[in-house]
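The same chain A turns up in both complexes below, where it pairs with chain B and then with chain C.
Entry: the complex of A and B
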């Protein structure tokens, strides 16, 4: 439906930013985690966004006669792991220390995560603002001729 | 005494009547259109209710989808109300006509 297209686009972005926020929380929560199921320290995760494809059915439908396609929002292509090296800390009392007393700590930078968190929050806000703007445009249209 | 200016208008009216009748037969009647719009609004309301219930029941945790669904329903309802008001205004305008 044409009227709610911008709503759906904003909704997809809101979901995407929420998932990004989840991943950032996971990174912050595991900033000191030295063991995972793989046996390695925790690896920082990031979210990969991708433009959402226009569904094939759209080209078959009546709406496809419109000249311009506005797209259908964003989707999460996947969650990728940061392959940068682990931080090495000398702490012989740590149970996960090797024979030289070196502990491999996760490659999570708390400062980076905080900045990303601000970015995600602001992006979420921006999408809510876009949604509210399209809502007030729709409501303004209903005031025509009043 | 023939008034030629007015006679010309009647010709136009006669000509336009034929066109109007044809159009009315082809297109959807107004009643159907209103019923369609109401069904659409009802569907959006139902969707909003379902999403809200699912959220309360914990089936999903997207607050924004709940809000967006209710906004969609509210805007559609307002649109249909606006159309209804316009139709009623037109009806009352005609009823007020001096006969």
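Entry: the complex of A and C
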């Protein structure tokens, strides 16, 4: 129940949502990319969120056993690639077309990315509100005994 | 007389602790709004305070109520309505956050009032 624990919780979520936004931008930017370093078209990436666990040391101290169970925010467990099949488009004039004129395009759905982007923005805003609420409460606590 | 005043204040202190912890827990819930299989957490304090007040322990100073009695419980998974197993309702959490913030401000005002009373008595009402 530290003073800045709730700040850290909101901050962890803010950076996680920002990373999610970065990855969504990366996906949208590469919606037509047919060449990557390993020779395949671009694969859509997603961010995996995980609840940030309370550090083990807190469980060891009996004093804090109850207090610290509020958790400590969210963390990014990893950036994973979407393994769904690539889209196949008939375009014989494309330099990356195979002998049948089929081009394998990235498995990025622009609509999905847009929806996820709005979701990330809203989640970011919600966490900013939570942070502001914590801030106003902490400042209010300074007024005790004035 | 003075001890009674202090007891009254310590109840507000516990309530402040609970409100602060609840703010943390709500922040945690909002932070994990997109985490798969996360279950929202809640703080239980008011029920405890009510039962202690009903039993009359608080007015006799025999209350075992401390900030460590404040419990954090996980909401049951049955209330999940999302396909990713997460049961955080963002609107609900934002409403709780706003309500909790106001509750905290009210408690701060109340505790300031208690101090003001004490100051007033010390000054002899002048």
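By definition in this document, the second predicted complex is superposed on the first by the 134 of 146 C-alpha atoms of A that agree within 3 Å, B and C clash if a C-alpha of one lies under 4 Å from a C-alpha of the other, contacts with A are read in each partner's own complex, and residues count from 1 in each chain.
In this section, contacts are C-beta pairs under 8 Å (C-beta built on N, C-alpha and C of every residue); 3 or more make two chains touch, one makes a residue touch a chain.
None of these values were measured; they are calculated from a predicted model.
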Next item on the list: Judging by the criteria at the top, classify the pair chain B and chain C on chain A as clash or fit.
Entry: fit
Next item on the list: Could you figure out whether chain B or chain C reaches more residues of chain A?
Entry: C
Margin query: With both complexes overlaid on chain A, does A:111 touch chain B (first), chain C (second), both or neither?
Written below: neither
Next item on the list: Determine, under the contact definition given at the top, whether A:6 touches first (chain B), second (chain C), both, or neither.
Entry: second
Notebook entry, point to check: In the superposed arrangement, does A:119 touch chain B (first), chain C (second), both or neither?
Noted result: second
Next item on the list: Pick one for A:129: touches chain B only (first), chain C only (second), both, or neither.
Entry: second
Item checked: First, second, both or neither for A:15, with chain B first and chain C second -> first
Notebook entry, point to check: Regarding the shared-chain residue A:73, is it in contact with chain B (first), chain C (second), both, or neither?
Noted result: second
Item checked: Lowest C-alpha to C-alpha distance for chain C against chain B (Å) -> 8
Next item on the list: For chain A, give the residues common to its interface with chain B and its interface with chain C.
Entry: 10, 131, 145
Note to self: Please output the residues of chain A touching chain C within their complex, sorted ascending.
What the structure shows: 1, 5-6, 9-10, 12-13, 16-17, 20, 49-51, 66-67, 69-74, 119, 122-123, 126-127, 129-131, 133-134, 136-137, 140-141, 143-146
Note to self: So in the complex, the part of chain A that touches chain B is made up of which residues?
What the structure shows: 3-4, 7, 10-11, 14-15, 18, 128, 131, 135, 138-139, 142, 145
Note to self: List the residues on chain C that touch chain A in their complex, please.
What the structure shows: 16-17, 19-21, 23-28, 30-36, 38, 41, 67-68, 70-72, 90, 93-94, 97-98, 100-101, 104-105, 108, 111-112, 115
Next item on the list: Spell out the residues on chain B that touch chain A in their complex, using ranges where they run on.
Entry: 62, 64-65, 68, 71-72, 75, 78-79, 82, 86
